[in-house]
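In what follows, structures are represented as structure tokens.
One chain, subunit A, appears in both complexes that follow, with subunit B as partner in the first and subunit C in the second.
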Partner chain A sequence: MTILSKTITAFGGILLAHACYSAQEHSALHSLRVATAASLTSSSTVANSLPIDVVIETIVATFIILLGLVLGTRPLRPIQWRVWAGKIEREGEDGFKDNNGEVNKDYMGNPFNFIESRPNFVDIRKQRKEFAEWVRTGGGGQSTR
Partner chain B sequence: MPSELELQISPIVQESLVHNTRTLVNLQSLTASLFGVSAGILGLESYSGFLYYLIFSLITSALFYVVRVAPTSIASEKPPLDTSRYFRGPVEFWTGGLMNGLAGFILTWTLFYGLVSA
Partner chain C sequence: MAPSLIRSPVQLPPAEALAISQQAPAILQSAPSAVSSSILSKEKSELWIEYENLILSCLRTGDERAAHQCLDRLVTRFGEDNERVLALRGLIKEAEAQNNGELEKVLKEYEEILSKNDSNIPIMKRRIALLRSMGRVSDAASALVQLLDFSPTDLEAWSELSDLYFSQGLYPQAIYAMEEVLVLAPNAWNVHARLGELQYMAATASGAGNGAYQKQMAEALKRFSRSIELCDDYLRGYYGLKLVTKRILKDSAKPTKQTDDGDFSLPDTRTIERLNELATAKLAEIIRHSSANDRGWRGYNAAEVAAARELLSEDASSDIKR
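Let's look at the complex of A and B:
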């Protein structure tokens, strides 16, 4: 995602720089023409309007950079507490990564952790099952050695 | 704007709100400078320049809505163009960045206007 947005932005930047250069050259050429026309004939007016291709290139470049910048923004987070906590519960750290795939610095995990880690809430059967599993695999292997 | 009772019933996470607003403001101040550059290249003057800025800011908001807000917002059964999943009110989302970016827009607008038509 971030590579894509940077590529699009860079491409738009090149287009915009080219359009800027074209417009500047056109302006310089135009002022030169006005100066020579004024020296030749006194009643000559040359309209100073940008060529249509430069106008189109500028607007297209603006749209391309705009698209790249919008694609490069960070993902949003839900503001309602229940939606936000549900997202944490469902997705964990995966829901709070930025474009580079790193977890946000201010991600603090489940807001109800302090409740779920109380001794009354410990799932003792699950822990016993895990312990039995450990004895059968890792722990058993060590005892036979 | 939600009332106090609604805020008590469904509380709001301040960190998320700050994060979302900062993302939007960053984007809008960046793009405002970009619009200044292109307005200067096009050689716009007075009202047409401000109109250009207004139109492109609204396009930015719409594009941001399409890319960042719409996929999850519509998946959670909100009506289209409803930003209440991520922002407090529609006014803040659609026009909040106009004043933020205006200074940057005028700065780069005048700079590039002067550079191009020197």
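Let's look at the complex of A and C:
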């Protein structure tokens, strides 16, 4: 997906650069022609417009770049509450990764989790005891996975 | 991969807590030991949350040295008198206390701090937690009620109160406190599920009369349904729904007197049956996907999935017997 979108974007960029170059060349030639024509006939009524193929190329290039960029974006985040909440529950961290595989900075799991975990009321002595128990019953061996 | 430090480590399983606290030296080394408070310095607010969470994990795994180092850094940034720093310092002292006498001393210190500034909420919470940890539940409850008197929008405190009552078997009070949380956070799907669980437990606890029983069951049914409405594929919600509908269907085999309490009457049997089927189908789907470790279904807790599987297999075996 990302390779495809990057190729499309690059192709669009090349087209756009080509269109710009054509336009620039055209206007340079055109002004030269106008200047020579003016010196010969002293009338400058020739319209200064770009040829239609350069215009079309520019527009097409813009749309191709847009297509490439749109294809390259991450899937949009759900805007419905239940879909978003379901994504958190179902996918966990996996659902909130960017293109580089890193979890988004603002992902925090279920934002209401603190209501049940209550970090400010933590019973640290009980937690220590439970942890010691876990180590004693051989839980430490699993941690090397 | 160790879980992110931004989130609170309180509910993590021991293995992950160990993984976090093993990271502590690396984190302490990579972060600068002192951050200047000028606007120009590149200070990240996450850093301080990370330190707090690191302290919690290190205390749990018994790595007091790292906890003290984290605390020192918080002190150099926020000063000795910061409310949260005070609470963290108390937490470390609680963890290091060897006997009841030392705990009493910590409690005295909390009370001293509160006598100087009785609106220090983090210290109040620590005091309540310590009282509860020491087994003085009624003291903890009255202190908690006092705290809620002047800070009635504290979700965490309401939830703690609910849990406290629940641990004493006082279901109506626990449900009331949980409803208070729901008033403040009406979209919290886990709170809806928790309330449903409390109501289910209250209903099934012995001593509930028939009318009360029906009312509680209907309420629990509604709570679980709401939690599913707020969150697609919510394992806990579907598990509760399955449990409640199964129970109601089993009960409805024997004739029960319908209560005239219109608000809380149960829906008709057909609806309940359909809800039961829906919950079964959803649970089966969740179990299937998550045991196949399908992409996009990896967020579930393995223990919860196992419990759901057990519930379904129980159901299947009773069907065969019938």
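Rule of thumb we're sticking to: the second predicted complex is superposed on the first by the 101 of 145 C-alpha atoms of A that agree within 3 Å, B and C clash if a C-alpha of one lies under 4 Å from a C-alpha of the other, contacts with A are read in each partner's own complex, and residues count from 1 in each chain.
In this section, a contact is a pair of C-beta atoms (placed from the backbone, for glycine too) under 8 Å apart; a residue touches a chain by one contact, two chains touch by 3 or more.
In this text, all values refer to a predicted model and were calculated from it rather than measured experimentally.
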item: Contacts of A:58 with subunit B and subunit C, given as first, second, both or neither; value: first
item: Partner chain in contact with A:14 - subunit B first, subunit C second, else both or neither; value: neither
item: Subunit B versus subunit C as contact partner of A:81, first or second or both or neither; value: both
item: Broader residue contact with subunit A after superposition on the shared chain, subunit B or subunit C; value: C
item: Subunit B versus subunit C as contact partner of A:4, first or second or both or neither; value: neither
item: Which superposed partner A:94 touches (first subunit B, second subunit C, both, neither); value: second
item: Subunit B versus subunit C as contact partner of A:32, first or second or both or neither; value: neither
item: Subunit A residues contacted in one complex by subunit B, in the other by subunit C; value: 81-83
item: Of all residues in subunit B, those that touch subunit A in their complex; value: 10-13, 15-17, 19-20, 23, 26-27, 30-31, 34-35, 37-38, 41-43, 56, 59-60, 63-64, 67-69, 72, 76, 85-88, 112, 115-118
item: Residues on subunit A engaged by subunit C in the complex (per definition of touch); value: 81-83, 85-95, 103, 105, 108-110, 112-128, 130-132, 134-135, 139-140, 142-143
item: Subunit B-touching residues of subunit A, taken from the complex the two chains share; value: 16, 19-20, 23-24, 27, 50, 54-55, 58-59, 61-62, 65-67, 69-71, 73-84, 106
item: In the complex with subunit A, residue positions of subunit C that touch it; value: 4, 6-8, 10-11, 14-15, 17-19, 46, 56, 59-62, 87, 91, 94-95, 97, 122, 125-126, 128-129, 132-133, 155-157, 159-160, 163, 181, 185, 187-191, 194, 229-235, 295-300
